[in-house]
Amino acid sequence: MEKIKPVKIKKEMKVSELVGGMKEAGFGARKIGKASEIMKKMFSDEECKVFLGVAGAMVPAGMKEIIIDMIKEGKINVFVTTGANLTHDLIEALGESHYHCDHWDDKEFHDKGFDRMYNVFMKNSVYEKIEKFFEKNWEKFQDSKNITGFLKKIGELLPEGNNSILRTCYEKKIPIFCPGISDCGIGLMIWGRLASGKSLSIDAFDDMKEIIDIAWSSKKNGVIYVTGGVPKNFIQQSLQFSKGADYGIQITTDRPETGNSSGAPLEEGISWGKMKKDVEYIDIFCDATIALPLLLASVKD
Amino acid sequence: MEKIKPVKIKKEMKVSELVGGMKEAGFGARKIGKASEIMKKMFSDEECKVFLGVAGAMVPAGMKEIIIDMIKEGKINVFVTTGANLTHDLIEALGESHYHCDHWDDKEFHDKGFDRMYNVFMKNSVYEKIEKFFEKNWEKFQDSKNITGFLKKIGELLPEGNNSILRTCYEKKIPIFCPGISDCGIGLMIWGRLASGKSLSIDAFDDMKEIIDIAWSSKKNGVIYVTGGVPKNFIQQSLQFSKGADYGIQITTDRPETGNSSGAPLEEGISWGKMKKDVEYIDIFCDATIALPLLLASVKD
Amino acid sequence: MEKIKPVKIKKEMKVSELVGGMKEAGFGARKIGKASEIMKKMFSDEECKVFLGVAGAMVPAGMKEIIIDMIKEGKINVFVTTGANLTHDLIEALGESHYHCDHWDDKEFHDKGFDRMYNVFMKNSVYEKIEKFFEKNWEKFQDSKNITGFLKKIGELLPEGNNSILRTCYEKKIPIFCPGISDCGIGLMIWGRLASGKSLSIDAFDDMKEIIDIAWSSKKNGVIYVTGGVPKNFIQQSLQFSKGADYGIQITTDRPETGNSSGAPLEEGISWGKMKKDVEYIDIFCDATIALPLLLASVKD
Amino acid sequence: MEKIKPVKIKKEMKVSELVGGMKEAGFGARKIGKASEIMKKMFSDEECKVFLGVAGAMVPAGMKEIIIDMIKEGKINVFVTTGANLTHDLIEALGESHYHCDHWDDKEFHDKGFDRMYNVFMKNSVYEKIEKFFEKNWEKFQDSKNITGFLKKIGELLPEGNNSILRTCYEKKIPIFCPGISDCGIGLMIWGRLASGKSLSIDAFDDMKEIIDIAWSSKKNGVIYVTGGVPKNFIQQSLQFSKGADYGIQITTDRPETGNSSGAPLEEGISWGKMKKDVEYIDIFCDATIALPLLLASVKD
């Protein structure tokens, strides 16, 4: 029987101290503390490949640097995300920005050409930059045969040191998977070119070989699922028929009761073989823009 | 100023009466009532193409018939869903089943070969059936060039009258879009064959032309988003640069505050041009397995 | 192993048929179906006392008739609610109304004297009616010694047949408990009179004897918790040291992870003795204004 | 147009730096940053009385010290909470503890006499300590006439320097309000004595005068609502007919759509006059055991 110890706030407190204290408390605080511990183990276990799956508009919300730093510091080995995040990353890579909106009027925003994501927006004109990027570089994508290769090529084409996930993954040789690539601004711009008669041949199924190979060949696998969605599912199925994850952290505000993957607790994955039976994992019910910075700051070394 | 009228329960009450009464009440009841009205208009507007986007494991949860009936009755023109739903549909099409589990132990389920989705499970052995299906029919997929074509071919290969979404869409000539097709059991089985040296060439971007063409060429567009995810996003972007939806119903339990697409209210789409400015739309916060049957039963004619 | 059967929508379908079909499906649909069954058993078990606890603004939302009918039909034996619901019930009892607002501007509403509860509002002027009611009847409350007695007196003072929860409970001799009575418009009006030098003596603890006696003396107890809050907690503690509930239905959208009573699943109550060990209970994750009408219509006889 | 700046994690980062950085990001991170700023202003505004309302089992979850420190440091002027929190505070004041349970079996817990609140439990035997406390001190409560006086008396009876909310409020002369006092372990123990023939006379309405006087007489009012419930509602109504809050922070995971007070955004209070029109307020969607420590650590000086 381990006693709850109340969280004690100190002056000039470091995040690591706070999160350490939260581990001694209950409810969600406990889980943040536990997740920080599991994250430390996962990141320092040299036998472990870490799969990071990110859904939700994390790039517009200012979580880009956290992901870039994880990649630069060698903390993750595989990155799976949505087309939206990569589109927003490319938008910033090409010099455009996202903006705060603590209040909004969607009709007015439409007239101004502002595209809103909760309390963040971008100018609709950013699409022109993406369009020009693909127009200019179209020929260079002709050799790309699958989605991960296509995304690697985008990273290659961005200038050295460009502060983006796409470029950093390219420089650090971290594969990016994005099964739903057609479902985003990048997809729209590709469609625009295809519609105008240009050709491109990117295979829809080919990427699975690479991610399953990584899952299969590693000694251990760790998973971090942010907001669920296709990224979570894609990582899970790469593990399902290989060997299941050895460490797991999930951050989601979706609910188990509705039966969709985004809300399914990690434990459910045990039945499928996506998570191993007696390993450490934790589900955190929290907005990822709060939990991610808190966790990463608590394990930063 | 329109007064709230309390819901009055009657003996042998019809669903349409109940939902009609709920419209006069407040909170979520009101919204169910409003959604029923919008659904009726959307379905009876002959100028309107209806796009149904379904994420979440609706097929394992027993929502298949509702979708099949909508297709058979000509209520929807475009169906966008996740790979998971199509995999579960194919599983049932091939004679396998999903089962109830009101209680569970995931470790025990793993040993028994039961794959759990909240209070529903299937036997892991179902994958063999899918594997054999693709093994047997492999050559017939060589002509499929894009994802919607690949899915149409599956439908074509199923026996006439087979009680599945895949077959019904084939028979009724309703296109199925599934941008994240590699992210599911079907994807896994395809990977298995590719890994064993077989070839297949399905393009990742090509489908966009077809869905955007439909959105563009119709006089009006109506959207029904169940659980958000990639299906919602894919429909939204087909509308974004054409003309925005004229009717909208969204059923989701995800929250706006976390900024992800699944929780974004329809109104947010106005800023992007995905929803028109002064049209009728409603967001319903409810488990889709409750709201969908209720709504469809209320408009059944 | 019990197979999932897809929900089949029929023309002119009755609510009872729909809910019966939902029981054969998964996720929340299954739970609605199960809850309907448990409700039927609870209502028809002659040895069972039914405790209904209602938090959330159910009266402004048009759920008043459902509660009144349950009382009239002898389906419930004890009613526990918030001061807010009783205030809104009294407001309607005195001839005032609640109104729809599908859109709102809170600053504008303030200027207009409209008090908003999500998509429902009332005129702020309703408080005058309550004030006059207590002013006129002040002397008659001097004999009320506890909260349940005070509420019974309100019911007694309303005209015969008045379509309110307060009056119906009085006529049907169903006790109303409301531990947080000072926390509402009724409380405010009482304060107004106390502040002007009038006296009243209502005991804060005395009601517990009556509710615990009922729990203790019954052969079986059934509980229905709507939205959790103080009503749930008050019923639970009346059961905790007597014998635990024999049937349980909970409707809440609150989450277990945050550790508060409103989100705690019924199962948690087993540890405390608030729920018996091997009895039938179900937690429904749904807006109560959707689930309550659906359930009551499904069991109406 | 203010640009989003990605959160940058640093080594040995202080909480105040992290939260400062979160303010430049989007979604929930932005709101945590904004709330920290509002909290600083509220705490340093000498004209402002701060009303802290706490629902949810914050004491069992280890949030006691945070509340005690706020009281000791003069940051709050009025404390409103649930009977449950005060009961758990008294339990710890009398030397008992709460414990971690990362896994549980409620039937087993029942047999062991463990009362569970999500991932926290206490021994059921703690009730004996409370019982003895009231048995021993019964006569001393005969002078208590209202709930706040009754709670002050408990604080007075605890030893000097006792590390509890009840004692600290007594020492610092901070009134505790608890409209639903009968709804908790303290209530149960009082009932036990009343049932055995003892008498006590605590008025249910009398406290309103004191809290409304404080709201009325202050130059400005600030509110912090944790988890909503009766504490939020009680503070709100003390402000409704006086002058509305000048600063507001709400932490809740409840939803607006279901219409209950716990999920109602602060903005709704503007229509009622509970919140002033053009003041600073923020709603945070987060487990309070995560958000509270983060916020308080960010403003600690």
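Which chain is which? They are A, B, C and D, in the order written, and residues in each are numbered from 1.
Methods note: a contact is a pair of C-beta atoms (placed from the backbone, for glycine too) under 8 Å apart; a residue touches a chain by one contact, two chains touch by 3 or more.
Not measured: the values here are computed from a predicted model.
Chemist: Which chain lies the greatest distance away from chain C when centres are computed from Cα atoms alone?
Modeler: A
Chemist: With over half of the numbers shared counting as same, classify the chain B/chain C interface as same or different.
Modeler: Same-residue interface.
Chemist: For chain C superposed on chain D via Cα atoms, how large is the rotation, as a multiple of 5°?
Modeler: Answer in degrees: 180, to the nearest 5.
Chemist: Centroid of chain A to centroid of chain B, CA atoms only: how many Å?
Modeler: 25
Chemist: Could you give the separation in Å between the centres of chain A and chain D, each centre being the mean of its C-alpha atoms?
Modeler: 35
Chemist: Please output the residue numbers of chain A that touch at least 2 other chains, ranges allowed.
Modeler: Answer for chain A, listing residues that touch two or more other chains: 26-28, 31, 57, 60-61, 117-120, 253, 255, 257-259, 285, 287, 289.
Chemist: Which residues of chain C touch chain B in their complex?
Modeler: Answer in residue numbers: 1-16, 18, 21-22, 24-32, 34, 57, 60-66, 69, 97-100, 102, 117-120, 253, 285-287, 289-291, 293-294, 296-297, 300-301.
Chemist: Going by the contact rule at the top, pick out the chain C residues touching chain A in the complex.
Modeler: Touch list, chain C to chain A: 26-28, 31, 255, 257-259, 285.
Chemist: Touching residues of chain A toward chain B in the complex: what are they?
Modeler: Residues 55-57, 60-61, 82, 84, 104, 106-107, 109-110, 114-121, 124, 147, 179-185, 187-188, 190-191, 194-195, 200-209, 212, 227, 229-230, 233-234, 237, 240-241, 253-262, 264, 267-273, 277, 287-289.
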